[in-house]
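Look at the two complexes coming up: chain A is in both, with chain B in one and chain C in the other.
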Partner chain A sequence: MRVIGTSPARPDAWEKVRGRPIYAGDLALAGMLHGRIMRSPYASARIVRIDTRAARALPGVIAVLTAHDVPRNEQRMELPGRMAEATAGAVLATQPVLAEDRVRFQGEPVVAIAATTPEIAAAAADLVEIDYEDLPGVYDPIAALAPDAPKVHDSGNLLRSWHLRAGDLAQGFARAAVVVENTYRTPFVDHVYMETESGIGWIDGEGVLTLRVSTQVLEHFRDVAVVLQIPHGRVRIEGAYLGGGFGGKEDVTVECLLGLLVWKTGRPVQLIFSREESFIGHGKRHPYVMRYRTGAARDGALVALEAELISDSGAYAALSPWVLLYSLVTSTGPYRIPNVTVDATTVYTNNPVASAYRCFGSIQTCLAYEGQMDALAAALAMDPLALREKNFLRKGDRLATGQVIECEPMLAETMRRAWAGLAERRPSRAPTRIGRAVAASFSPYGRMCWTRDSASAWIGMELDGTAVVRCAAPDVGGGQTSSLCAITAEVLGLELDHVIAVGRDSHFTPRAGTTTATRQLLMSGNAVLSAARELRRHLVGAAAALLEAAPADIELAGGHAFVRGAPDRGLSMASVVKGATGQGRPVQVLEKYDAPSAPTIDPATGQGKAFNDYTFGTHALEVEIDEETGRTRPTRLVSCFDAGRIIHRANAEGQLEGGAVQGLGYALMEEIALENGVSKNPHLADYKIPTSLDAPEIATVLLESGEGLGPFGAKGLGEPAMTPSIGAVANAVSNALGVRMTELPITSERVLAALRAKRA
Partner chain B sequence: MHPFRLLEPESLPEAIETLGRLDGESRLVAGGTALVAMIRLGLVKPDRLVSLHRVPGLNRIRVDGGSLELGAMATHADIERSRTVRDGWPLLAEAVHRVATPAIRTSGTIGGNLAYAEAASDPAPALLCLNAEARVLGPGGERAVPLARFFRGFYEAALEPGEIVTAVRVPPPPAGARGGYVKFTSRSAEDKPLVGVAALVVLDGAGRCVEARIGLGGSAPTPVRADRAERALRGEALTDAAARAAAEAAAGEADPLSDLMGSADYRREMIRVWARRLLIALRDGTALRDGTR
Partner chain C sequence: MSLSFTLNGQPCATQAPDHWTVLDLLRDGLGLMGTKYGCGEGVCGTCTVLADGQPIRACLVLAAHVRGRVLVTVEGLERDGRLDPIQTAFAERGAAQCGYCTPGMMLAAKALLLENPSPSEHEVREALSGNLCRCTGYTKIVEAVLAVAGSK
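Let's look at the complex of A and B:
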């Protein structure tokens, strides 16, 4: 292959380095208004009175909207585009666009203002009188399950449970020579993308409400239409390059509020969330409490797992039931365990809403299952790598859900290569302790099978022999667009700069679904591959006629068509395209890719096929710990994954590096500090993320099994790249200390406390 | 962000006059790195900002009668790069170099840093060790405030309404002085210090402390000198045990707060660790890695 697997410069790279792309918040229109959202300062309160008169009287204020101004004040928060019949017993996940009589979390939108300047909008906000009356709230998911706990919703605080049952737990534990039990805890964390939620909206000449927003999901146009009670086709969402998404721009962010302000004022409106608003306004990663009890036979074979997972959904359901399902399916880790009982529950509280965040519930479990593996190895006096290798899933094995792993996982090889990459162990010399460990992992790529996911792509040839790809796949910065171009160039034998992918637009590009769930390479990649192959058939047919040769003997390469073995007597692609049109052959094609589907899993037993396939990989990590301060410095990290097939090498390596560093932040320093549901650190001065100075030396190793379901056998890397990170950190620190670390973030102070507790 | 008017006086008398004339909420702004963030968060809502950027000469760095004089508008970047400072006051250059990030150091000023009176200041512990004084100008004239008396309380400097810090004067360090600054961050490398420890010692031929000064940041409501620790050291041989005892004294006299960076107990423990390590490193002339760089 000429293009696939190489690292050509991305078309957007130079533009971004120069600061030139027009992000959603950068566009300005004549007569544009500035939106501002007033949010609840309280986590649980009744709205007694809202008086907007003084604000509306302020010159320059065009609209001050409350719940009563929203045609249908119910914002859907379900998987976009999912099949209606495939609810899997989900609750109806909705949230008011503007709170009416009650607020359930700090940051819940209450009033939307549009004014001629941002300053006037701010002054108007000061003039709106909102009287709140405290309501008792609940801030801990376990406390929320108590019968007398304050109810976040009338339906009660239990949002959703899933269960996994395999084998016979009692028999399994009866065979165990060792049993280890630990409780693991993770905090609320934020995505902290560079670009906060933003957008601009206007009504175009045909009366279509058009929103250019920073989103991973163009299909939220439907949600806006439902809120405004207008036909779906009257709302258009135009995507832009994103300054990061990581799942935080999967749910609706600015869309409904912006649409409402534009629709009500009839004027262009810009809405940009401040960093503080972003911190309190959008969905977080779910905190989990995970009680794990794992048994192994004397030879290390895993025999039983009993686990209880409780996640904090915050004030609304959002995607919590599905995030929890990912946790359920991955709760065993990438291991064969014959006897499994897992109960997973997600609970409403008056904490921030939790929803999608890179790895979508499959990362919290890695802290637990990989902590258990090292704990078992210690109990068995066995090498932790040997213990893993003995239990790793292999091709043909079954998950506890009964699903057969049909692709080669290559787990043992990812672990061996990652570990080898750490090189020689350095001795600990007081006061520095060295810790080293691995964490293996698996995360799905592509959506849950029952969603019947699909993506479409259109490719057309221009008369100059260049190709245009139309596919509504938002590029969140991971290089989604450049991968689609690379696939097209490969199949059509074009130079990469003769392929452009245009538009990410709900009206003008074929639907390709969300850039979430590590699905775009699988879904849009396959759709583009299919379209390119179909187009190739037409071009080859045209060239064969022109060259008077059999189609089977025609090759396309370097922007030319020629008979195999005679590249110097070829035709330019421009001539082929002209020839094809002259012969009445199509030079534009639209193709759709449908992911394999399966019925929903059994909610009582978890049995069934939840996902089509998984990406497997390992982190090996070395840390240095100052035993007098507890300061933990990751010094070397090796990330090894089976990519299936590398489409764009630099993009793939970038995913591995970025995922690793994002995970190190989660493991070592990040936490939304809440006091009765109110954030104490909604700003970057006190919510710290890793900088380049905090990142270790990172080596990436990419394997290619060729067994993925994506184009050319590719798997997805976006989310899986992060999954093993927290397990690796917790295990490496535990290795250095001789104490099992079970709670994130593993701060310097917690490390020091663990050392002291051990000495005492 | 609360709207404000920006006033830009072109001389110190004009600045004093402007501040005196204004009613309502007005604030002096230098580099703006702290104040603008506070306005954005709505913690202060000034109607007017009086900037000192147009006052000529306020960013000058010079030596006057053997003392270093830093104009209040000298930025951290100006100071850390100044040959004069690096040669004559290396402890100060080292501490200023540890402030935040290059972008912040290019905007933030030494006068602004001190007037903000933040406990977790990087330069303050070093300046305390160097016996610096602030030059303050107000409607009643000019006065000099030793830094040890400049920090009055939590985010509170000893400045009366209408007064401006115009300069920081730093006497020459004693002959043979060895100094160092440790910034310990507990989260990312780009953070305020959980604790900052500056020390300056002069050792005689027998290894005894002829002079010992220790300044602490993040260890009390304001930057402070660790008086008891210093007394414990003076006249004593700087042995490991003496360093340990001094560090213990410093931890004992510290009065730290608990916040999201760490608890008061952890801060106290970190003073104990870093004061000891710093004193021993100064004695041995070895470099000290504070774990974040």
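Let's look at the complex of A and C:
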């Protein structure tokens, strides 16, 4: 292959280094208004009175909207985009666009303002009078399950439970020579994409409400239409390049508020969330409490797992039930365990809404299952790598859900290669302690099987021999668009710069679904591959006729068509396209890819096929800990994954590197500090993420099993790249201290407390 | 107020409200959208531009500050149709993913290289430590800056 697997500069990179991409907040229109959202300062309160009269009287204020101005004041919270009829126990929860009589979390939108300048919009907000009356709230998911806990919703605080049952737990534990039990805890964390939620909207000449927004999900045009009670076709979403997404731009962010302001004023409106709004106003990663009890036989074979997972959904459902399902399926880790009982529950509280964030529930469990592996190894006096290798899933093995792993997971190789990459162990020298560990992982790529996921793509040839790809796949920065170009260039034998991908638009490009769930390479990649192959067939047919040769003997390469073995008798692609047109052959193709589907899993036992396939990989990490200050410094991280097939090497490495550092932040420094549901650190000055000085030296190793379901055997890497990070950090710190670390973030205070507890 | 300064190699004379920051001036006043808002409190470095060769946080500095100074934004890195080596290195080495921190990051790197043409890796990491990136893990950014330094 000429293009696939290489690292050409991405077409979008040349624009990005010139500062030229028009992000969602970069467009301004004549007569544009500026939106501003007033949000609840309280986590749980009744709205007694809202008086907007003074604000509306301020010159330059065009609209001051409350719940009463919203035609249908509910956003549906279900999997965005295409949804099948079967939803494994339908979870249909809603969230108001603007709170009416009650607020359930700090940051909940209450009033939407549009004014001629941002300054006037701010002044108007000062003039709106809102009287709140405190309501009792609940801020801990376990406390929220108590019968007398304050109810966040009338339906009660239990949002959803899932269960996994395999084998016979009692028999399993009876065979165990060692049993380890630990409770693991993870915090609320924020995506911290550098671009806050933003967009601009206007009504175009056809009366279509058009929103140009930073979103991973163009299909939210439907949510806007439902809220405004207008036909779906009258709302269009144009996806700008995103300044990062990580799942935080998967749920509706600005869309409904912006659509409402545009629709009510009839004027263009820009809405950009401040960093503080971004912190308090959109979904977070779910905190989990995970109680794990794991048994192993004397030879190290895992025999039983009993686990209870409780996640904090915050004030609304968002995607919590589905995030929890990912946790359930991944709760065993990438290991064969014959006897498994897992109960997982997600609970409403008056904390921030939790929803999608890179790894989507499959990362919290890694802290637990990999912590258990090292704890078991210690209990068995066994090498932790040997214990893993003995239990790793292999091709043909079954997950606890009964699903057969049909690809070669290459887990042992990812672990060996990652560990080897750490090189020699340095001795600890007071006050510095060195710790090293691995964490293996698995994460799905592509959506749950029963969603019957699909994606479409269109490719057309221009008369000069260049190709245009149209596919509505939002580009969050991972190189989604450039991968589609690379696949097209490969199949059609074109130079990469002769393939142009245009637009990500709900109305003008074929629907490709969401850039979430590590699905775009699998879904849009396969749709583009299929379209490119079909187009190739027509071009080869045209070239064969022109060159008077058999189609089977035609090759396309370097922007030319020629008879195999005779590149000098070649035709330019421009001539081929003109010939094809003259011969009446199509030079534009639309194709659709359907992911394999399966019935829903059994909600009582978790048995069934939840996902089509998984990506497997390992992190090996070395840390230095100063036992006087408690500071943990990651010094070297090796990330080894089976990519299936590398489409673009630098993009793939970039996912591994970026995912690792995002995970190090989660493990070591990040936490939304809440006091009764109110954030104490909604600013980047107080919520720290890793800088270039915090990031360690990172080595990446990419394997290619060729056994993925994506184009050319590729798997997805976006989310899986982050999954092992927190397990590796907790295990490396535990290794250094000789104490099992079970709670994130592993701050200096926690390290010092662990050392004190050990000495005591 | 009226302001005269040099912007990306050209003289610039313009008007701006007193309360505007350099970020407001660039984006809302002059339509130069390459400089980005990230936090509005000088922490993330996304809005970094150069004033007299020094990196400044455009969101914190009042527009009046640029009077008489030489300002360089991402739009001014390319001269006479030729990309700055830092731009080429970022594009070719995969240092730009979502691209949102890229303008500020490149200008911070540019300021470093103006002052220290042969920085060590640690010096690069120190110089960039005020510019947050959530996509790359910094590996390819640091590599790109070192590649430019090494090629001189």
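Keep in mind that, in the parts below, the second predicted complex is superposed on the first by the 757 of 760 C-alpha atoms of A that agree within 3 Å, B and C clash if a C-alpha of one lies under 4 Å from a C-alpha of the other, contacts with A are read in each partner's own complex, and residues count from 1 in each chain.
Definition applied: contacts are C-beta pairs under 8 Å (C-beta built on N, C-alpha and C of every residue); 3 or more make two chains touch, one makes a residue touch a chain.
Keep in mind that this is a model prediction, so the values were computed, not measured.
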Partner chain(s) touched by A:Thr629 [first = chain B, second = chain C, both, neither]: first
Touching partner for A:Asp134 - first (chain B), second (chain C), both, neither: neither
Partner chain in contact with A:Ala122 - chain B first, chain C second, else both or neither: first
Touched partner set for A:Asp497, first chain B, second chain C, both or neither: neither
First (chain B), second (chain C), both or neither touched by A:Asn651: second
Which superposed partner A:Glu181 touches (first chain B, second chain C, both, neither): neither
Partner chain in contact with A:Ile698 - chain B first, chain C second, else both or neither: second
Which of chain B and chain C A:Asp51 touches, first, second, both or neither: neither
Contacts of A:Glu749 with chain B and chain C, given as first, second, both or neither: first
Dominant toucher of chain A (residue count), chain B or chain C: C
Contacts on chain A seen with chain B and repeated with chain C across the two complexes: 274, 683, 685, 689-691, 693
Contact set on chain C toward chain A in their complex: 33-41, 43-44, 46, 73-75, 77-78, 83, 87-88, 90-94, 96-103, 106, 124-126, 128-142
Sites on chain A touched by chain C in the complex: 7, 9-10, 12-23, 25-26, 191-196, 241-244, 246, 272, 274-275, 476-479, 650-651, 653-654, 657-662, 683-685, 689-693, 695, 698
In the complex, chain B residues that touch chain A: 1-3, 37, 40-41, 184, 186-192, 260, 262-263, 266, 269-270, 273-274, 291-293
Interface residues, chain A side, partner chain B - complex: 119, 122, 274, 276, 626, 628-629, 631, 633, 665, 669, 673, 680-681, 683, 685-686, 688-691, 693-694, 747-749, 752
